[in-house]
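Input: a single structure, listed below in structure tokens.
Lettered A, B and C in written order, each chain numbered from 1.
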Amino acid sequence: MENNAFYVALSLLLNLDASLFQIVALSLQISLLAVLIAAVLGFPLGAAVAIWRFPGRGGMIVALNALMGLPPVVAGLMVYLLLSRAGPLGEWGLLFTPGAMIFAQVVLVLPILAALSRQKVEELLGEYREQFVSLGMSHSRMMPTLLWDARFALLTVLLAGFGRASAEVGAVMMVGGNIDGVTRVMTTSIVLETGKGNLPLALGLGIVLLTLVMLINAGAYLVGELTRRRVG
Amino acid sequence: MKKTLNLLLAGVASMGLAFAACAEDYITLASTTSTENSGLFASILPKFEDTTGIQVRVVAVGTGQAFEIARRGDADSLLVHDTAGEKRFVENGFATERADVMYNDFVLIGPANDPANIRQAQSAKEAFAAIAKAEAPFASRGDDSGTNRAELRHWKNAGVDSDGDWYRELGSGMGPTLNTAAAMDAYVMSDRATWVAFGNRQNLTLLFEGDKVLFNQYGSLLMSEEKHPHLKHDLAQQWHNWLISEDGQQAIADFKVDGQQLFFPNAK
Amino acid sequence: MTAFQVPRLASSILSPSPELCFKDVSFSHEDKVLLGPCSFTLKGAGPTLVMGPNGAGKSLLLRLSHGLLLPTQGQITWSGEIRPRQAMVFQQPVLLRRSAVANLIHALAVNNVPRRERVKLAHDALERFGLTACCNTPARVLSGGEQQRLTLARAWVLSPQVLFLDEPTSALDPAAIKAVEAAVHEFHQRGTRIVMTTHDLHQAKRLAGDILFLSGGKVREHSPAEAFFEKPVSREAQAYMAGELVE
């Protein structure tokens, strides 16, 4: 069966299967957009928790760390209840659209980006704090400086977030509905084909997904290495 | 750095537009995995879209979940196979109308060596009783789906207790249940459509079929405008009407897999 | 701490040296008194070199003076109404992961210097401290001596009235030490009040205007440099100068 799967994966790619492309494109759009939004929200959040002392800070750190392990299917269920017509955000009409899937993945990825950036920024702050205070930097001024200084580590954090988003199926299945041509992505396709007993096809799709994620990670690594050499 | 940011923003904006651009008429149909996985929808939906220009977006889940989705107002229309449940749905005011659309049948699948010897059974009742008596492994969907509810009725009619180590409740859809049954070499009750399309049979084969009690009726429901005014009632009405019209019924009959017709139209 | 407006004419002679006054200051951590109680006033042109054996509390005194730490007891005050502009150079240079010139521009930006002026001020400072060649080099790949000169350049662009230095040359080779001491002298020429710790006797002899001698967390002596080196008054200072181990 494993041999079958490789042939299937290869033939899917070589035949430039149109529906495959559509599914791959949708998967990438959703996960990349979700990671982007989560970064815009999560990195400043992580930096803020690292920089400021406030009551409940310890609890917040524990919560962020714990939420990194939020089961996707639970996140999916919670977002479904939020976005359902019977729920508080029903007016938005987001359910069973790619928008809902992005929403759910942001919920999953945000804790990862916030928790890991917090840790990295706190590390850097240990090194920089005295000099920053000496230079006259306010806490809020420290935030962008630290985030930019941590950029190489944060790239890896972004990849971790992307890995989580592109790999999960529980959340997108629940809030997207796996609608053919509208909300069907790589992972939900794999579940569907497995359910139909088309195991070679399912495995083939899995190989395509893995290859894609591998390429993205390789690209990010190269970009990281090239810029790191220039900046030390 | 600025350049990258601009590119990123442009990318985000275009994605946003692409998502918004799906502005054509569509309805959300909550249905079951048997209709989706068999390929029925892939066959009949294009015909409906060609005639009316309405896209039907199918969310295929277990019957229990389909009812819940409709109850919450997240689906414009409902097509399931649990007549009793459908009638209750109308009684409780969530739907205004239900109509028979088509039927398929359930078949009993099992390991080729047939330890409970259900090949020789004269009726479904006998077959189920034989499995229970032999305490042969049986894979049940256990997910409150239409199929599952039908299966439980059959155990009841056969007058046997489906309690014991041999009875495995999986909480899964039809496909995954078949996968597990194949791996366990267990008996399983499946709808014919999913079985015919199923690719991972391993040692399983069709052992019993044909008893009229195994017929599986599908019904289409119209949602209540009163309970959920925001739904696309006009479009859903068009879909509902098409299904029970001559065109729709013919489209259902025309759908074949390996030369076999899987769904039999029976709208009144 | 607030950011200050940097004066436009960066190389002009600054206003008269501010005076620093410690009154019954002590600093404790977890019920252990690490410094003090001590009282003294730093006035005059300086440079003040703070000397003493390791663990005497020199770094603590510097950090308390600069405001990085708050005293557990006592008061630290500056003469004049506004707190003077200060900068600090640490034993290990602390630089951002960017180019040398970018580090200076960042310091200027943080202190609200108008964007148009930042680049010029940065390049001028780099030139003054002999770093023009490495202006686009990542700051972290520079040699120890170059990095320390860079932190001095960064302090320079902010036109501090007081410059604190915490053993800035202890990790450097003789050539680099010479360059850093020359840089410190530039600050002194411009009118910046220097307060620097060192464990190098000869460096103190080269640079000091007055000596503040600490041992065991207390100020043992505070005298003009010449007088101190000719004949220290306190017992601890005498022992230290004689090369004996002092607590």
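One rule holds in what follows: a residue touches a chain if its C-beta (ideal position, glycine included) is under 8 Å from a C-beta of that chain, and two chains touch if they have at least 3 such contacts.
Remember, predicted model here, so these are calculated numbers, not experimental data.
Central chain assignment: A. Criterion: smallest distance from chain C-alpha mean to the mean of all protein C-alpha atoms. Inter-chain contacts peak for the pair A-B.
Taking each chain's centre as the average of its CA atoms, chain B and chain C sit 78 Å apart.
For the pair chain A and chain C, the distance between C-alpha centroids works out to 46 Å.
A separation of 32 Å divides the Cα centre of chain A from that of chain B. Contact residues of chain B toward chain A in the complex are 8, 12, 15, 18-19, 22, 28, 33, 37, 41-42, 57-61, 71-74, 173-176, 178-179, 182, 194, 197-201, 228, 230.
Taken together, the chain A residues at the contact with chain B in this complex read 29, 33, 36, 84-87, 90, 95-99, 177-180, 182, 192, 194-199.
On the side of chain C, the complex with chain A involves touching residues 1-4, 63, 66-68, 86-88, 90, 94, 96-99, 106-107, 110-111, 138-141, 158.
For chain A in complex with chain C, the residues that touch the partner chain are 127-128, 130-131, 133-138, 141, 145, 149, 151-152, 230-232.
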